[in-house]
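Next come two complexes built around chain A: one with chain B, the other with chain C.
After this line comes the complex of A and B, so read on.
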């Protein structure tokens, strides 16, 4: 059991709860989502509480987060896209903080369950479709008909564009989920090598086990990078898709 | 940081050297040219290093995107074709056609993520073309 690399992703019920036949138990996943929201909201609220004109250390950190996402959104969706700032900022911060939570030993990584990432991706694409249709009406479907394409090719191109659009929410969710899952499994497997080497080889095992432990250290650093990059990639793609909803003239 | 702040002074020295070459022997001139070359080389190496470091993280995030974009589009194509086959009863044809279309969509996705296809927006004058251009530069 100690070496089972999948065990860390198991969902356990902390407070069993059932409402009208629907299982609404408070699970370890829910616990870490709550912790993520509490930490990110609490940090932002407390650090900006002073409202200093000259920011202190903590206030600088939250202002840097704000500026980072605001620039990301403004660069790819223009100033019109800033009305989606609360959504993009919350998404970025939630993914980043929950991924970083996952880097603590014995903590649960929320993003290793595809249902969570898929819910985010569906929310993003749903926002794009609903807002795009609201703002542009049927002009939104121009998204699928690129300009400057010869008439004979248009039917083929439209199919390709539609498939490309359908693949967006899937690749958005699969990318985040697969990277977090694979990273955590790899970490566990390499750490498990060290344990089994020591158990089977005795004294010599301690010397040989240094190798997988070195790998585990290196992978941990890589995982921190991936935790940030995945949040960044998710946020920047959200911005680009929102840009399509705002300017569908593609 | 320390290296960088030293560089300008070193370079200035080299510049003033070249200004009064008139009263220098060939040997001195040669040695000075050598030292100038060395300084330039170390400076260029610094620049290349910092460029490569920036490229690493940008390249990493691009790689994360490109790989999934391509594979997922093919899977979606196959899936859509399979669903059409199932409901219309045209087994294997829709799946074959949509698998190929999915391949096309995957290539399109990758080219778009890499900024090789300008999302057709460049054809349109206006602020949107502007923002596109900037993103591709990044």
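After this line comes the complex of A and C, so read on.
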């Protein structure tokens, strides 16, 4: 079991719950979602409790997170995009903190399940479509017709643009899911090599096992980067898609 | 060798693990999709609520207050600088005015003193001229009087001399005629 790189993604019921034949149990996934929310919200609320004019260290961290996401959104979607700030901020922090939770051994990584990332992607694209139609009405469809394209090319361009729009939620969810999944599998596989080397090669195995262990250490560092980077990529793509909803003509 | 063994162990374990959850790769296993969606909605919904209602207004409030405070302090500094510049300019102006005034007063005093001196000198010169002319008039009078008496004295003297010399008598009219013919 310890050698199974897939076992870490196994969902286990902690509090069984079934409503109308649908399993809604509180699982290890739900536990880590709850921990993510508790830790990040708790930190943000407690660290800013003093509302210091001169921030302390913890308050500085909260302010930095805030300004980081605020600049991200303002740079890609303009000041009009700031009405989506709570959503982008929540998304970024939720993904970042749950990914970082996943870096602890034996912890569950919420984003390694495609249903979670797909839910986020659908939420983002749904927001883009609903807000885009509400704000621009029919003008939202100008998104699919770039300006300055020769008439003959328009059908082709529109087709490509529609396809690219449809692939957005898919790429958004699969990118995050696949990165987290692959990283954790790779880590587990390399760590598993070390275990099997020691099990099969005896004393010499300890020496040879140093290689996969070194790899595991390097990969752990890389995974910390990926954990942040994927949250950042998800947030910045969300900002750019929201920009399309706010300013559809490009 | 060890790799194949590890892979074998992996696939065994995967099968073993799969048996309890319907034989699927866990991330694609739909058994817990509903549960994950529900708990994601609950936790993320709560998180969103906490962010939108508490954290974001609070942090933007903190940043806003700080920004206001800084710009307020800068404005205050600018105001104080303007004030000091203003005071400095007023001081300079007042100094220049005072200098001008002092100069004017000095000039006036000088002019007045000069005018008074001129007036006094004029008065003195006038009185001197008056005294001079009086003295001249007096001299002229005395001279005239003296000259007028010279004839009489000469006549008297001549009479006495003639009397002493000749012993005779000569009339005054003759004498006066002789004196006036001989002298003057």
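The rule we apply is simple: the second predicted complex is superposed on the first by the 250 of 250 C-alpha atoms of A that agree within 3 Å, B and C clash if a C-alpha of one lies under 4 Å from a C-alpha of the other, contacts with A are read in each partner's own complex, and residues count from 1 in each chain.
Quick note on the criterion: contacts are C-beta pairs under 8 Å (C-beta built on N, C-alpha and C of every residue); 3 or more make two chains touch, one makes a residue touch a chain.
A quick note: this is a predicted structure, and the numbers were derived from the prediction, not measured.
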Worksheet item: Is chain A touched at more residues by chain B or by chain C?
Response: C
Practice prompt. Please indicate which partner A:225 is in contact with in the superposed arrangement: first for chain B, second for chain C, both, or neither.
Written response: first
Worksheet item: Which partner does A:175 reach: the first (chain B), the second (chain C), both, or neither?
Response: first
Fill in: Residues of chain A that lie at the interface with chain B and also at the interface with chain C
none
Discussion item. List the residues on chain A that touch chain C in their complex, please.
Written reply: 1, 3-7, 9-11, 17, 22-27, 29-30, 33-34, 36-37, 40-41, 44-45, 48, 51-53, 55, 59, 62-63, 66-67, 85-87, 89-90, 93-94, 110, 112-116, 119, 177, 181, 189, 192-193, 195-197, 199-201
Worksheet item: Which positions of chain B touch chain A when the two form their complex?
Response: 57, 60-61, 64-65, 68-69, 72-73, 75-77, 80, 98, 101-102, 104-106, 108-109, 112, 119-121, 123-124, 127-128, 131, 134-135, 138
Worksheet item: What residues on chain C touch chain A, complex-wise?
Response: 1-3, 5-6, 9-10, 13-14, 16-17, 21, 25-29, 31-41, 43-44, 46-48, 50-52, 54-56, 58-63, 65-66, 69
Worksheet entry | Residue ranges of chain A touching chain B (in the complex, touch as defined) | 75-78, 146-148, 156, 159-161, 163-164, 166-167, 170-171, 174-175, 178-179, 225, 229-230, 232-233, 237, 240, 243, 247, 249-250
